[in-house]
Each structure stands twice: as structure tokens, then as C-alpha cells.
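One chain, chain A, links the two complexes that follow: it is found with chain B in the first and with chain C in the second.
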Partner chain A sequence: MESFFTIALALLLAPLFPGIILKVKAFFAGKKGPPLLIKYYTLLKLLQKGSVYSTSTTFVFKLGPIISCAGAMMILLFFPLGGMSPLVSFHGDVIVLFYILGLGRFFTIAAALDTASPFEGMGAAREAFFGTLAEASIFAILILFYRMTGALSFAEYFIGARSISMAGTAGALLLLVIVSLFMLLLTENSRVPVDDPATHLELTMIHEVMILDHSGPDLALIELGSFYKLFFYSAFIFLIIFPLKAEWGLFKVPLFFGGIGLVYVAIGLVESGMARFKMNLVPKFVLTSLVLVSFAAILTMEFIK
Partner chain B sequence: MNIFLLALVIIVMGGILPLLTHRYMAFTKWVYLGITMIGCITGLFAIFSAPAKLQGMAWSCSWLHSFTLAFACDSLSFFFLIPIFLICPLAVIYSCAYFDKAENSIRTAVSFFCTNVLIAAMSLVTLAANILSFALVWELMSLSSYVLVMYDYEKAETRTAGYLYFLFAQAGALLIFAAFGVAFSQTGSMAFDQFATLPAEAKLVVFFIAFLGFGSKAGVFPLHVWLPHAHPAAPSHISAIMSGVMIKMGIYGILRIYFLLASGDLIIGQAVLVFGMVSGVLGVLYALGKDNFKKLLAYSSVENIGIILIGVGLGMIGTAKGNVSMAGFGFAGALLHVFNHSIFKSLLFFGAGAVIKKTGTSQVDHLGGLMKRMPIAGRTFLIGSVSISGLPPFSGFISEFLIYFAAFHGLKHNNITLLLIILAIISLTVIGGLASFCFTKVVGIVFLGEPRSGKAAQAGEGGRLLTLPMVILAGLCLTIGIFPENFIHLAFAGLTDIVKFGRVDTATIDTVSANLTLGSRLFILIFFVILLLRKLLYKNKEITKGPTWGCGFTQGTTRIQYTGTSYTRSVVDFFRPFTVIKETKVQLRKIFPGRTEYLRRIEDIAEVGLHRGLALPLLTLLGKFRWIQHGKVQLYIGYIILAISVLLLVSFI
Partner chain C sequence: MSNIVNITMVIILLSVLLSLASNRLIALVKIMALQGIMVSLLPLLLEHHSRMGSGGLIFFQVMILIKGALIPGLLYVALKRVVTKREIEPIIGYHASLFAGLIIILLSIFITERLHLSLPKGHDLLLTTAITTISAGFFLMMSRKKAITQVIGYLMLENGIYLVGTALTKHAHTLYVVEFGVLLDVLVGVMIMGIILHNINHTFDDIDTDHLNLLKD
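Take a look at the complex of A and B:
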């Protein structure tokens, strides 16, 4: 019941947090910034509209938003939000979930190519390339976690018998994981310095250019999916830094959402302080995260016998 | 056994018939189709009616009075027989629609005959129980498939491809027979079950020689060179049979020889794993870089063979280390991937064949917008693409999950094994990512967007016979994804007779398959909920159609679309030392520039390496002996007399 409540809360609150990033960025730019609830207003506006479909497109174009949103939602069902046991969980669920995110990417790319637009093709090529590299990093993290906990599910990572914590034997290695996971968060959620959805030129975007032709409720689904995905990554990072103990009871929930807010603040700080990378630097950036985690995984040979 | 033999007899008879009545091809085709279907269904019935008493299917006969041909069936043979009898009849249905030109009736009849011989030969390969019978049916398989590749023999590239395939098939057979020879010299027995008695060093030698031989059939990097040549040359349903079923006989050989030798050496597993990783990553990389539709699919077969070998390698390492779940899930994942790949790869080849037949081009960059023009082929191809990228809720994911599962369970070991397994997991991920890259390219460039040439714009759907096999296979892909339980059990059943030490208990298998079922069904549930939600949101909304947003550019043509070449450019560049890129470009110059051009070719390092390192030196060396061949008959007779007298001297001294 509690976990049901937390998931409902997460699904409702996820669009709130990106507002925090905008606020932080506005603060550093010396501006007032949009209201905190801006994303809700955007969603509401989009949901009230109709859609314009390009004559080039087929049903694949409409599948893209649905599948990417469904995948992002599904991952939240398996995640121990607020330290509560998730609705569903099994040994090996992480593999299934990251592959379902991969399915979302497949259809987002297919939808982009469906429009016959050269710009969207460009975005699709970049997304496919960087996504492949990012997936390798994520699986390196799973390898490391398996070495540390013997587990293959989010629930076991954070609330299982051998849950990961910085205080454990190999806790120091988690520092590397946190850095690399933060880099992955920036890559997978198209944040600066990897991608900048707010530039004026479509030529320089990655994710945003792929969804140029989506409009109305379709676009709302894409936005919602991306909020959930970002929420998941932030929760992932937060729980590694600050594992929630079972004895704290319901107090865990506000702590969890507050902590996630801090991760979003960190994203805002990075975005305020950095410019977007040149496109050819992005693979190096993603590979750095892979190298960090692989290094950590190899170090476990000494830490864990 | 009798029913099984009957099935083979029916299949071969069905093949002979078109040879006799090729003048009445329009009619013969249907009879041939009917007989072959009956034969294959009888075969399926024979193996499924008696899965418990497979051993009872053994039979032998004497050949040329002094040799014995022995055949026997166990769970591994049983498992490899299923794709043979499942895919081949579908390919035969497809072929009846694909060969629709009346003037080629003799050639078509020969092709039908060889197809059926190939089906029979492949099923006998899985049953062969001694060296001689294996060698015989293996050669029969290679030769009949060679004839099938040569269907369009008046084209020069088909002849080259056929020659290359012949070379690789025969060199591979040579290595396999050499391995058998080593074994025979030690045991003095033709029977396969004597292999276990070999000394440990001999086992290693036998395994590695045979691995190279079987690897060249399976398309293991760097022995895969024939695949990307033979597939584009052969008719599409032949490519489907060869890629979906025949190259799996190489995997069967590797597994069979491994289990016969029962060697516990760790190096075997490690070597197979490394070959698997290299084939997987480089296979999909070259698939990405290819512009020819069927070449791309051929390289993707190399990739999938890599995935299968990763599973096999993990299973072997697990066996050597005594890690039961790693061994069980590794082998079972590999077997299930054999089955899955046979399904989606033939589906993709059927789709590619339909596209090539209807548009007349196999260049990916000349196609586009076919989803609207060929709705069934497009939709089934999309399902096949998602499956082959290993994405849930389709079949490819189930087998890849089992392999991942095995790999993660192997992470508890240390040192070199740990490093290899870490590499294996990361390569599986990279393969998965690049495979979705590759198949978004195919789907996106060929089926979506706008047509890039006039031929693509005028294409239309093929007939029912052409689309029916695709629909069946696409349905299977989804079925395995949503109801994986029986198929996972089937893969484990394939291991029952051969994995001797510890078995994964049924409870674990049940849990894993239940979990996978839960995962795919939950996703489908969420998908439908959102679909419903979307329907509600669009109720009473205004939906308009318009041109694609051109970012302010108003004169868009279909030529400005992204092509396969531009889509893959950055990733191909990224893997630079492994992809040899040849570019020719004419860029904008001067004030009044001419037409720009860009052409990219990606060379396969194995092909370049084999050409420079082996073929050219060999040709130079053999060129020096050309004087022996002078064309004078008297001297040839002289050679013969010389040879005979030398032999006589040798045998008398």
C-alpha cells in the first residue's frame, strides 16, 4: 500500500522537478525564471491541443511516444522509490528494464526517421550512437553491483539483505559509480553539456530535434516519458549516495523526494556552469564514464574475494 | 525412426518430381509444395511424437560392404531438427512465389531438387553418429547448397560468390576431416562415442581444428568472408535457409564435438568466448556499414553467431569451473538463440527478398517509404528487426537474457575468467546497441520516410504466398516473447542428454521464465493502457495533415533525407582501425560548382587480411609452378608413369 502510494506520488511529482533546474539556472543568470510548475502548464497546454501529422509518416511515428513513455513508466514500478519495496521486482529485472528503455530509443529513432526530415535523421544518428555507448556504461555499473551484492534487481541493490552502501567493504568504489552515473544521467536525458534542448539551431541538438514533428498529446507523452526517465536516474544516484534505512518508516518519503530535489539542483548547477560540448567530444565523455566503472569493476578483484 | 525416414524419403521424392515434370512447372510447383510440406510436417511429427524415446531412433546400414553408416538421435539433434523442419517449408512456400518466371523452369526444378536434398542432408547431419556418415552428409549439405547459391550463374558476381563459398566450404570440411583423422589415429574407431577416450592433449588439437572447420561454416570471424558474398548472390529464400538453418549446423558441430570430447579444459571455453565477442561486435559493425540489403543481413548473421558463441563459451567456462547455473543458462541461451535467430533471420531475408523483387534494387540508400507501399512486408520486417535487436517483448530478448543471466552468474570467479566475463557482458551490450542502430537504419531508411528513387515509389505488396511465411514468422517472434516458458524449457530439454554434470533445477528455470513472462506482459499492459489513454486524449481533437517541418527550409525534396550512409557515418568513423573506409567525393569548388558526389565503401579487415596475407602470397607461389601445366598430353602421360613407378618403388622398398 505504501509503495503504491509512493509510486503514485512519484508519477505525479516527476514533472515538478525539472522546474527546479530552470529555477537554478535562472538564479545564476540573474533572472527570475519561469514558475516552478511550468512543466505542468506545458503538459496541460499540450494535452488540450490536437495534432498535425506529416504526410510522410506512418503508424511508427505514433508508436514512438507511446513506447518511450511506457518504458519510462515501467522502470518506476520496479524501483524502490523512497526505500519502499517496489510493486514488482525479480532477479534480473535490471536487464529487462534497461532493454525496455532501449526499445523506447529504437522507436523514438524510427519515428524520427519516419518524418523524412534531414534534421531528424541527424538527431537520430547521434542518439543511436551515444545511446549505444551509454548502455555499455550502464551494464558496467550492473557488473560492479553484481560483484558487490550478488543481486540483479533494483530492490535488492537498495533494500535487499546485502544492499550497497558507501560504508561497505568496497564503498569507495561507489564514488566512481556516482560520478559516472551522473555523466550518464546528463547523456541519457539530453542535458548540457551533452545536449542542449534550448539552443536556437536544430542542427546542434540531439534529442530535441528528433521530436520536432510531434505535437499535441503525442508530444506530451514524450515529455512525460522524459520526466520519468530523469526522475529514475536522479533517484538511482540519490539512493547510492544516501541509502534510506527501513527503520525510518514513512519519514523516508519526504527525505527521498527532498534528496532527489538536490540531485536536480546539481544538474542545474552543471548546466549553469558549462556550455555544450562539441559533438565529437561527446563519445569521449560517455566513454569516460565507462572507463571509470570498468576500472571500479576490476578493482573489486582485490576488494571482494 | 521409421516415420522419420519416411519423412526424409517424402522430401527427397518431392525434390525429384520437378526434375521429371519441369515442362509443366505451373502445375508441378503446387505438387512439389504439397509433397515437401507433407514431408516436413511428417518430420516434425516424428520428432515430437517420440521426444522421450529419441535414442530409439538410431539406425545403421552398411555401405560399400566395408563401411558402416550409423545415425542416432539425442536431445541436441532433436533441438536442431526443429528449425530445419520449421523454416524450410516456409522457405519452400516463399520460393513458389519468388520463382515466377516461366522460362527458367529447368533451373527452377534443379533448385527445388537441391533445396530438398539440402533439407534431408541437414537433418542427417544432426543425426550422424560416426565419422563416415557425418563426412558424407556434411559434404552433401555443402554441395547442394553450393548449387543453390549458383542459381543466377550467368552473373559474374554470383560465380565469384559461389566459388568463394565452395572454397570455404571445402577448406572447412578439410579441417573437420583432419580433426576426425587425428581422433581416428588415436582411437582406431569410426564411432563418435570413442572420442571421449582420447588423451587430453589430443582432445585440444581435435577440438581446435574442428572448431576452425565448423567455424567457417557457421561464419565465425575471420572465417565468415563467404557469407556476405553468398547471401546477396543466392535467391532470398535460399539465403533464409542458409542463414537461418544451415550455418547453425556449424554451431551444432562445435557443440557436438565439445560434448563428445568431454574435455574440462578452461582454454576451450575462453577461446570460444573470445571468438564469439569478436564475431559479434565486428559482425554488427560491418552490418552497419553495408549499403547492400542482403550483405547487411549476412553480416548480422555473423553477429548472431557471435552471440550464440558467447553463450556457448560461457557454458563451457561454467562447465570447467563447475558453475552449474552459468553452464546451464549459457548453453540454453545459445540454443534458444539458435532457434530464435533461425526465425527472425529468415523473416528478414524474406522481407528483403520481397523488397528486392518489387523494387529491383538492393541498395538501401535507393529505397524508402515502403511501409506505405508494402504494409505487410513492412510490419513483419519491423517485428523481425525489433526481435533481432534483442529488445523485449520479442523473441531475441529472451535468449539474450539467458546469456546475460549466465554471464552475471559467472562474475563470482576471479582473474582472467572475470575479465573475460566483464568483456563478454560489455560486448553483448555493445552488440545490442549497435544492432538496434543497424536495424533502425534498415527500417528507417528502407521502410520509412519518402522513396528515394522512382522504383521504390512504384513498388507494391507481393502475393499471398510471399507474405504468408513472413506473417507466420512474425507471429512466432511475438509468441516466443510473450510466452517464453515453453521455449525456455525446450532449450533446456535440448541439453538433457549431453550436459553430464549437474543440471539447473526446474524450479530455477520456472522462476526465470515466469519473471520474463511477467516483464513482457507488464510492458504490453502499460503499452495498451497508454494507447487507450492516447485514444481518449485525441477524442474530438482536430487532426490535420501537413508536410514535415523543414526547420524553415521550404524547398525540401526527398533527396535531402538522411541516408544509411550518413546515418552511420559517425559510428563507423569511431571504430576506425577495424573499419577500413574508402571514400570518393567530389566537393563544392570554385564559384560555379559542379554536381557533388560522395561514395563510401567499408572494407572488412578479415577479407582484406585474408586477401593480402593468404590469397596473394599463395597465388604468387603457385604461379611459379605454372610450367607444370603446359597442355602437352604426352608429358602428362609421362607424369602418370613417373608417379606410378615412384609409388611402386616406395611400396616395394
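Take a look at the complex of A and C:
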């Protein structure tokens, strides 16, 4: 019952958090910034509109937003939100889930290619390239966690008997994982040093250029999917930094959402302090995250014998 | 307690890795400041150093000041006076450097296992960190062209040697007198580098050491 409650809360609150990023960025730019609920207004506005479909597109184009949003929602069912046991969990669910996210990306790319617009093809190529590199880092993290916990599911990672924590054996290595996961979060969710969600020039976009042809409810679904994905990555980082103990009861839930808010503030800080990379520097950024995790995985040889 | 030691060592390793990947010299100097502070804090956290007199404490404070503030400060001042802000064409590229970093750490784990040293309990990572830092310092010196990056590689090498010192000596901070001498050498080296850097920059409008090869009498 509590799990249903937290998941419903997460689904409802996820569009609130990107507003925090905007507020932080506005604060550092010395502006007032849009209201905190801006993303809800955007979603409402988009849902009230109709969709426009180009005559050159097929059903693949309509499939893209639905699958990417559904995939991002699905991952929340498996994740121990707020330290509650997730609704569904089985051995190996992490691998399935990261591939479901990959499936969402695949269909977004397919939809972009379906429009036959050269801009969108270019964005799709970049997204596929950086996504491939990021996948290597994600699986290096899973290998490391498997060595640390002997488990392959989110529930085991965070609320299992041998859950991950900074205080445990090899806990120091989590520092490398946190840095690397934060870099992955920025890459996977098209945040600033990798991609600029607010840019206006199609040539420099990665993710935004792929969804140029989507409109109305389709665009709303894509936005919602990206909010859930960002929420999932932030929750992942927060639970590694601060594992929630079972005996805290319902107090865990506000703690969890507050902590996630802090991760979003950190994203906002990074976005205010950094300019985006040149396109040829992005692979180096993603590869650095891979090397960090590989470092940690090699170092487990020292800790776990 | 041993966890804090491990976290400190992981931060040192992180700084080693980031220094291999960064192409901005200012960022590199900042990373070196962090590494210097972490390296000089480490002996304070180790258990077999927990009983030390006021002399020892003053010694370590001076260490933090020199490694964390004075040397990076000098580098920063030197950097402010030259035109070059980035290492444009390293001899070994940044992707390859990162990969080399991975190989270095694998090798240093292998070496640590083979040495069979009786390390203090719970600090197995210490020697690995030390050897990685030394080798990465060497690597940085070999693979970069700018004078300032080479000096930073030298500094990293010194940090690594200091770590080996802390790993192998059991008690008595008096043993660190030797380290202190080495540190003074490095300090003088950095100062001289600052002057030379200024002169190279003055003559060639750049701090690329390759230009020195063209000099004839």
C-alpha cells in the first residue's frame, strides 16, 4: 500500500523538480525565473492542443513518444522509491530496465528518422552515439554493484540484506560511482555540459532536435517521459549517497523527495556554472565516467577478496 | 575510521584520473591543490600516527600549507602571466591518457600484490594509490609538452613518493624530515619554473618546451 502511495506521489511530483533547476539557474543569472509549477502548465497547455502529423510520417512516428514515456514510467515501478519495497522486482531487473530505457531511446530515434528531416537525422546520430558510450558506463556500474552486493535488482541494491552504503566495505569506491553517475545523468538526460535543452539553433542540438516535429499531446508525453527519466537517475544517485534505513518508517518519504530536490539543485548549480562542451569533447566526458567506474571496479580487487 | 582513510585515497585517485583528462591548465592547478591537501591529510588519519606530539601536528600543518596552498598558488601566479591557458596538442591524446590511467592502476595493483609488504591492517589501498600517483605523474611528464604541465607531473610524482613514505614508515614523524627536504626541493623547483616559464613566454610568446629544441648557439 505504501509502495503504491510513493509511486503515485513520484508520478505526480516528477514534473515539479525540473522547475527547481530553472529557479536555481534564474537565481544565478539574477533573474526571477519562471514559476515553480511551470512544467505542469506546459504539460496542460500541450495536452489541450491537437497533434499535427506530416504526410510523410508513418505509425512509427506516433509510436515513439508513447513507448519512451511508458518505458520511463515502468522503471519507477521497479525502483525502491523512498526506501519502500518496489511493486515488482526480480533477479536481473536492472538489466531489463536499462534496456527498456534503451528501447525508449530506440523508438525516439526511429521516430526522428521517420520524419526524413536532415536535422533530425543528425540529432538521432548524436543521440545514438552518446547513448552507446553511456551504456558502457552504466553496465560497468552494474558489474561493480554485482561485485559489492551479489545482486542484480534495484530492491537488493538499496533495501536488501547487503545493500549499498558508504559505510560498508568498499564504500569509499561509491565516491567514484557517484561522480560517474552524475556525469551519466547529465549525458542521458541531455543536460547542460553535454546538450543544452534551451538552445535555439538546430545544428547544435542533440535531444531537442529529434522532437522538433512532435506537437501537442505527443510532445507532452515526451516531456513527461524525460521528467521521469531524470527523476529516476536523481533517485538512483540520492539513494547511493544517502541510503534510507527501514526503521525510519514513513518519515523516509519526505526525506527521499527532499533529497532528490537537492540533487536537482546540484544539477542547476552545474548548469549555471558551466558552458556546454564542443561536440567533439562530449565523448571524452562520457568516457571519463566509464574510466571512473572501471577504476572502482578494478579497485574492488583490493577490498573484496 | 578506516573508511575515511579509504575515501581520502579514492579522492586522490579521482584527482589523478581527472588530471589525466583535463586540458585546461587552471583546472589542472586546482586539481593539484585538492590532491596536495588530501595527500598531506592522509597521514593524520592513519591509525599508527594517531599518537603524535605538538611538533608532529605543526609539521603536518606546514605540509598542508605548502602542498595545498603555496605550490598551487605559485603555479597559479605563473599561469596568470603566460598567454597559454590550454594544453592544445599533447604528445598522447586525452582519450589515450585516460586509457593509460586504467592500465597504470591495473599494473599498480599487480605490483602491490607481488611486493608482499606488511602494510598496516585495513590500508591495502595505500600502496596502490601511491604507485598509481607516481606512475601517473611520470606519464603526465612524458606525454605533455607545456612546461607547466610537466612541472605538475613532477609534483604528482612527489605526492606519490610522499604516500609511499606514509605507507611504509610506522611511527615517528621525525622520519618525515627527509620528505620535508624533498618538498623544499620541489618548492624551489616550482619557483624556478615560474621564472623560466616567464622567460620562455617572453621569448617565444608560448610555453611549449619544443621551442627550446630550436635554440642554437
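Methods note: the second predicted complex is superposed on the first by the 305 of 305 C-alpha atoms of A that agree within 3 Å, B and C clash if a C-alpha of one lies under 4 Å from a C-alpha of the other, contacts with A are read in each partner's own complex, and residues count from 1 in each chain.
Assume a contact is a pair of C-beta atoms (placed from the backbone, for glycine too) under 8 Å apart; a residue touches a chain by one contact, two chains touch by 3 or more.
Here the structure is a predicted model, which means the values were calculated and not measured.
Student: Which term applies to chain B and chain C once both are placed on chain A by superposition, clash or fit?
Tutor: fit
Student: After superposition on the shared chain, which partner residues are touched by A:Leu299: those of chain B (first), chain C (second), both, or neither?
Tutor: After superposing on A, A:Leu299 lies in contact with chain C but is clear of chain B.
Student: Would you sort A:Pro197 into first (chain B), second (chain C), both or neither based on which partner it touches?
Tutor: A:Pro197 contacts neither chain B nor chain C.
Student: Could you tell me if A:Gly33 is touching chain B, chain C, both of them or neither one (first, second, both, neither)?
Tutor: In the superposition, A:Gly33 touches no partner, neither chain B nor chain C.
Student: Of the two partner chains, chain B (first) and chain C (second), which one does A:Met166 touch, if any: first, second, both, or neither?
Tutor: second
Student: Contact-wise, after the overlay, does A:Ala125 reach chain B, chain C, both or neither (first, second, both, neither)?
Tutor: Once the two structures are laid over each other on A, A:Ala125 reaches chain B alone.
Student: In the overlay, work out which of chain B or chain C sits against more residues of chain A.
Tutor: Tallying touched residues of chain A, the top partner is B.
Student: Looking at A:Pro243, would you say it contacts chain B, chain C, both, or neither? Reply first, second, both or neither.
Tutor: Touch status of A:Pro243: no partner.
Student: Check the residue A:Gly261 against both partner chains and state whether it touches chain B (first), chain C (second), both, or neither.
Tutor: neither
Student: Quick one: is A:Leu152 in contact with chain B, with chain C, with both, or with neither? Answer first, second, both or neither.
Tutor: first
Student: Minimum CA distance, chain B versus chain C, superposed model, integer angstrom?
Tutor: 10
Student: On chain A, which stretch or stretches are contacted by chain B in one complex as well as by chain C in the other?
Tutor: Of chain A, residues 283, 294, 298, 301 contact chain B in one complex and chain C in the other.
Student: Which residues of chain B touch chain A in their complex?
Tutor: Contact set of chain B toward chain A: 368-369, 371-372, 378, 382, 386, 389-392, 397, 401, 404-405, 408, 411-412, 414-415, 418-419, 422, 425-426, 428-430, 432-434, 436-437, 439-440, 443-445, 448-450, 511-512, 515-516, 518-519, 522-523, 526-527, 530-531, 534, 537-538, 541-551, 556, 558, 560-562, 566-571, 574.
Student: Taking the touch rule as given, give the residues of chain A at its contact with chain C in the complex, in rising order.
Tutor: Residue positions touching the partner: 166-167, 171-173, 175-176, 179, 283-284, 287-288, 291-292, 294-295, 298-299, 301-303.
Student: In the complex of these two chains, what residues of chain A are touching chain B?
Tutor: My answer: residues 47, 49-58, 60, 65-67, 69-71, 73-74, 77, 88, 90-93, 95-96, 99-100, 102-103, 105-106, 109-110, 112-122, 124-126, 128-129, 131-133, 135-136, 138-140, 142-143, 146-147, 150, 152, 202, 212-213, 216-218, 220-221, 283, 290, 294, 297-298, 301, 305.
Student: With touch defined as at the start, can you tell me which chain C residues reach chain A in the complex?
Tutor: Touch residues, chain C against chain A: 3, 6-7, 9-11, 13-14, 17-18, 21, 94-95, 98-99, 101-102, 105-106, 109, 112, 124-125, 128.
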